[in-house]
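Listed after this line are the structures, all set down as C-alpha cells.
In the two assemblies presented below, chain A is common to both, partnered first by chain B and then by chain C.
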Partner chain A sequence: MDWLDFFQSITDGLLFGSIYALIGIGFTLIFGVMHKINLAYGAASIAGAYVSIAVAAYVPLPALVTFLIAAIASGGIAFLIYLANFRFIPLASPLATLMATVGMLILIDEIVVHATDGMPQPYPALFADIYIEWGDFGLRGDLIFIFVLSLIAMVVLMFMLYRTRLGIATRAVAQQPVAAQLAGISLDRTNALTFVITGLLGGLAGAMIGASVGVLSPLLVVPITVKGLIVCVIGGLGSIPGAIIAGLAVGAFENFFLAFRGVTERDMYVMLLLFVFLVFRPGGIFSRSVARD
Partner chain B sequence: MLDSKLVRLGAVAALAVGASFGAQSEAFSAEKTVQIAGFGAKSGVVRSFGINTEAVLSGAIEAVNAAGGVKLADGSMAMMELSFYDDRCNAEEGISVLRRIAGSDAVVAIGPTCSNVAEPLFGILQKTVGDEGDSGLQIPVFTDTAIKGGLAKISQWAFRNVPNESEMYRALFQWIATEHPDLKTVYGGVEEDFAHSRFTWHKVMKERSPEAGYEVLGESKWLLNDTNFTTQVRQMKKAKADIVAISAHPFTTCGVLKEMKRQRVKPSLLVGLTSSSSMETLQGCAEQAEGIIIPTSFAPVTEAAKAAADAAAKHEGSADLHSAAAWEIVMILKEVMEAQGIAADGDSVDADRRKIRDGLANLKETDGLLGKIQRTDEGEAVKPYLYVHAQAGEWAILHDPSQ
Partner chain C sequence: MDFFFGLLQIIGVHTLLGLSAYVVLQTGQVTLAQAGFFSIGAYVSAMLTVLAGWHIIPALLVSATLAGIVAGIVGFPALRIKGLMLVVATIAFGEFIRLFWFNFDYQIEKKGIVVGPQGGEGFKQIRFFPENGWSTLDVAIFIWVIVALVMLALWWTDRSRAGTVLRAVGEDELAAQSVGINLTAVKVGAFAAGGFIAGIGGAIYAHYTTHIEHLNFGVMLATFAIAYPILGGLRNVFGTLVAVIFIQGFLVEGLRFMGDWRNLLFGALIVLAMNIQPRGLIDERSVKLVRGLFTRDTRN
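Let's turn to the complex of A and B:
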C-alpha cells in the first residue's frame, strides 16, 4: 500500500463515517437522556428510508424531499418505539426495555422483509454520478454531499441542544431527572421528544446509507446497529461530540483496514479498537480520566 | 308373498349397502393424498426465494392434480398435497424443519433455499442407505435452490436439481473466448461470506476462466451486508481487466455495479453469478447491470417453461433458475412415485420414502423445462442452460449453447 492508497482509504472512510456518526448520536442521545439502549434504532432508521421510497413510488419526488420524508417517518417510528418499549414498560428493569427493543428490531425488520419480500429497492441519490479526480486520487460526489448534510444535521442538533429550551430540558433530564422534574420539566415529554429527534437523525442516516449504496435492503439493519453501538461506546455513552468523532474515526479505521488487510479481517480490527477503548478508556474518547472500577 | 317381498327388499337393501360401501371405497381411494413437504426461506432477506419456490411447487402440484394425480401401487389415483415450511435460511431452523417433516406423513421434502442450510441438513440424513448403525433421518430430500457445488454426495438420501455451475461457467468462458478473442484478462469480485458466491468464484470462475485462456489479474472481496464498495472497486479499476466477473447476490452486485459506474470502471464484459439472473437485480440496478452475462438453467423459451412461469405468476411468485427447478422436481417425483409403486396410506410412509429414494437414485435422465436433464451417481443434475444478458431492464437470451 502506498501513501496515495492510504489517504484514499482514510478519506473514503471519513466521508462514510459521517453516517456512523449520525447513528452513533442517536444511540448516545437516548442513552444520555434515559440511560437506556434502544436497539431498534437502526431498524427504525432503515424503515424510515423504506417509507420514503414507498411514498416516492406514488408521488414522484426530488431526492432531497425523499430524504426529508425518511427523516420524518423515522421520527414517527421512533415515537412509536418510545411508546411501545419505554413509556409503558417499567424503566427500573434495564433488561425489560433492552429486550423490548430487541423484539422491536426484529419486528420492524420482518415488516420490511414482508413488505418487500426482501428484494433490494433502488434508492435515489444526489451527485451519484459525480466523481472528482486528481490523478489517481478520487472523491465520490455523493459521499461529499452525505458528509456535508450529516455535518449540517449535527450542527443543527448541537444548536438545538445548547441554544433552545427543548435542548436545555433534554440536558437537564439527562443530568438530573429528579431536579428537572422539580423544575417543572415533564420527563415523558422530554423523553418522547428525544426519541423523535434521534428518529429524525436516524431517518436521515438511513436515507444517506440508501443513497450511498443506491439500494435499500433489510441487510442494512444489523450492520448499522452494530456500528452505531461501537461508535456510541468509543465516543463515550452519552457524549455527542464523542459520537461524532468516533463515527468518523470508525469509518476511517475500518476503511483503512479494508484496504490494508482485506474485508475478512476488517471487522476484527474494528472490534479490537472497541476492546482497546473498553479496557483503556471505558469512558470514551473525551472522558477525563480512566474511569474504571 | 310377504317373504318374497322381504327377500326382494333385502336384496335391494343389500345392493344399496354394497353400492354405498363401494362408493365409500372409491371415495376413500379418491381421497388418498401424497404428502409433499416443501421448505425454504420465507422470512429474512432471501424471503423472495421461498415465496417463488412455494408458488412454483403449488403450480406444479396443481398441474399434476388437474391431470388426475399420482397413480398408486393399487392402481388408484391420489392427489398431491403440499405443506410448506419456513427455514429462514438458517441452518438450525432448517434442521428443525426437516425433523418435523420426517415426523409427518410427507414422503419427500423439497428444499432448502440456502446452501448454508443444505450442507448441515444433509449431514443429519442417513449417510449410506441401509446402514443399521447410522440413525440419521431417512427421508429423501430433493433440493431446488441451494446451489453450492457437490453437496448431494453428503448423503444417499440427498438429491439436487440445481444447475452445474462448474460446467456452465466453463462453457461460458470458452464461448466468450470464441466470441471475443481480443479479451485476455479477468478480475473477480466476490461476496466472501456467502457459501454459494464464495464457492462459485474460488472454485468455479477462478478455475474455469484460465482454462479458456484468461489470466486472472486479482480479486476484490466484500461481505453480504456491506454498504461501501469504494475500496474494492478502486482495486478493480487499477487491475484494468477486460472482463469483470462478479460472484455476488443482487444486493451487493447492485452496490458494486453502481460504484463501478461512479468510478468509471468499464470492462469490456461483465459476468455475473447465476443467482443474480433474477428480477431482484433488475429491480435494484437495471441501468448499471446492462449487458451483464449470466448462465442460467431457466428461461421461458419452451412451452413447458412458459407453463411453469405462468403457474408461478398465478400463485404470486416468479419462476427463475432456482424456483423453476421445483417444477421439474414435482414432475420427476410423480414419475418416480408411479414407477416405484408407492402406496400412500398411513402405514407405508417409511416404505414409500425408501421407494422414492431408490427411484431417484436410479434415474439417469429426466425431462426438464429446457430439455433433458442428466442425473449423476452422486444425486446431482446436469441441466441444460442458456446465457442471458440484461437488456433494457429485462433478461434476454444471448446464446443457447445447445444450438
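Let's turn to the complex of A and C:
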C-alpha cells in the first residue's frame, strides 16, 4: 500500500462525503422535529436535480443557477411529501407513515423513470477542467467546488437554526412539541417548513451528485437513501454536527475501500462500520446521556 | 392454465415473505432485513439440491433453519436499539448479506457442466423441479401446502399465550417487562421465527425461478416484505394474505394492460391507503363493518 494512494483516496472520499453529510442532515432534521423517518427524502433529492436539467434543457442557464433550481424544486417536492405522508396520518401510527413514505419513494422514482424513459441523463459539472497538482497528489476541481458549496449550505443552515425565529421554533418543536405549542408555535407550520428546508438541502445534494458523477439515474435513489440513513445513525439521530462528521467519515472510509478492495466489496465495509458503531456506541458519535427512541 | 399456476406460486412465496415480517412486526420491531434471510434460504437450499444432490424437503428445512439462526443472531443487537435505529440497522444487515452473495464464488463441475453461485452472475441452473418431473401444478400445490401449514401455525400462535405475549411486547415494552415477560427471549424468538419463515420462502423461490442473483434480494424486496403485513393490518395472518393477493394478483398482474403506468399507480395507492386506513386494510373498524353486514344488530 502506497502512502500517496492512501492520502489521495481518503481526500477524494472526504470531499465527496460532504454530499452524504447533506443527505444525513436532512434525515436527522426531520427525525429531530417529527421523530419519524422520511424514506422518500433521497428520491426527492434526485427528483429535484432532474427538474433542474429539465428546465436547463429549455432555457440555457449557468450551472450555478441549475443547482439553485434543483434545490427549490426539491424543496417543493418535500412539501408535497409532507402533505401526502405526514400531515394527515395520525402520530400514533408510525408504521403507516413509514410505509407511506416508501409508497412516495416508488411514486417519485417511477415518475422520473417515465419522464426520462429510464435513460441516465448527463449533468453539467462545474470546474471539472481544474486539477490542482502537487507532484503525484491531485485534487479534482469539481469535488472542491462541491465541498465548498456544502460547507456554505451547512453554515447557512446553522445560522438559520440558531439565529432566526424560524430556527428557534424548529429547535423548540424538536425538544418539546407540547411546550412549543403552548408558547404559540404552530406545529404544523414548523414541520412543513422543516420539510422544505431539508428539501432545499437535498436538492442541492442531488445536483452535486449529478455534477460529480456526471450523470443522473433513478438507480442512485436507493443507495443514496441507505448511505444517508447510515450517516444519520453513525452521527447520532437528531445531531447535525454528528451528521456532518459522519458524512465526511463515511465518504473517506468508503473511498479508501473502493481503492483497495474494489467496488463490489466497498459497501460491505461501510455496513461493518455501522455495526461497529451500533455495538460499541449505539447513540452515535455525539450520543446524549439519555437514550432516545 | 400454467399462467395461473405460476401466479399462485408467486403469491405463495410472497405470502411467506410477508408472514416472516408479520411475526417480527407483532413485537413492535420494524425489520428491513427479511430480504437477506430470504436470500440465505434461496442460496443455501439451491446449493444443497444442486451441488450436494439433496431432495428439496430436507434442503428447505436445513436452509430455513440456518436463516433462522442468522436471524436470531441479528436479533441480539436489536435489544440495544429500537425504533428507527433498528430500521437502519436491519437495512444495513440485509444489504450486507446481499453483498456477501455478490462476492460469493463457489462452483463445481456436475455432469459435464459447471454449476454453483458465481458472484455477480448469480446462481443458474437450479433445476430440481424439472429434473424430477414436477409440473407447474405440482409445484403450486407443494407451495400452498407449505403456506397453509405456516399460516395455520401462525394463526394458532396468535390465539395462544405466545401470540398474546408477542402483542404485549409490541404494544408496550415496559408494561410487558413489568408483568414478567422476558423481552430478550421474545424479541430474539420473533426474529428467529421470522428468519425461518423467510428462509422457507427463499428456498421455494430459488427453485421455481431456477436462476437467482443478488439483485433479486435488494432493499425493495425487503420493503415489500413489511408492506404486506402493514397494508393488510397486523390484526391477523389473513390481512397479509389479502394484501399479497391485492398487490401481486391485482396490482401487478391484473393491471398489466396499463403497462408502465402500473408502477406509478402502485406508489400512489400505498400513500392513499395509509392515509385512509393507517392501521391496515383489515383493522378493527373494517372487521366491525363486515361483521355488521352479516349479523343483525337490534340495539341500534
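Keep this in mind: the second predicted complex is superposed on the first by the 287 of 293 C-alpha atoms of A that agree within 3 Å, B and C clash if a C-alpha of one lies under 4 Å from a C-alpha of the other, contacts with A are read in each partner's own complex, and residues count from 1 in each chain.
Keep this in mind: a contact is a pair of C-beta atoms (placed from the backbone, for glycine too) under 8 Å apart; a residue touches a chain by one contact, two chains touch by 3 or more.
All figures in this text were calculated on a predicted structure; none of them were measured in a lab.
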Between chain B (first) and chain C (second), which, if any, makes contact with A:Val213: first, second, both or neither? first
Would you mind checking which one, chain B or chain C, touches more residues on chain A? C
Looking at A:Val222 after the superposition, I want to know if it touches chain B, chain C, both of them or none. Which is it: first, second, both, neither? both
Who does A:Ala249 touch here: chain B (first), chain C (second), both, or neither? neither
Could you say whether A:Leu204 touches chain B, chain C, both of them, or neither, answering first, second, both or neither? neither
Touching partner for A:Pro120 - first (chain B), second (chain C), both, neither: first
Which of the two partners, first being chain B and second being chain C, lies in contact with A:Ile46: first, second, both, or neither? neither
Could you say whether A:Glu110 touches chain B, chain C, both of them, or neither, answering first, second, both or neither? both
Quick check for you: in the superposed arrangement, does A:Leu157 touch first (chain B), second (chain C), both or neither? neither
On the A-aligned overlay, A:Glu265 touches which partner chain: chain B = first, chain C = second, or both, or neither? second
Where on chain A do the contacts with chain B and the contacts with chain C coincide? 110, 113-114, 222, 264
Spell out the residues on chain A that touch chain B in their complex, using ranges where they run on. 8-9, 12, 16, 110, 113-114, 117-122, 128-129, 131, 138, 140, 142-143, 209, 212-215, 217-220, 222-224, 255, 258-259, 262-264
Note which residues of chain A are touching chain C in the complex, please. 31, 35-37, 84-85, 88-90, 93-100, 102-111, 113-114, 222, 225-226, 229-230, 232-233, 237, 264-265, 267-268, 271-272, 274-275, 278-279, 282, 293
Please name which positions on chain B make contact with chain A in the complex. 43-48, 51, 192, 221-228, 230-232, 234, 250-251, 254-255, 258, 261-264, 279-280, 283-285
In the complex with chain A, residue positions of chain C that touch it: 25, 30, 77, 80-85, 87-89, 91-93, 95-96, 99-100, 102-103, 119-120, 218-220, 223, 226-227, 230-231, 260-261, 263-264, 266-271, 273-275, 278-279
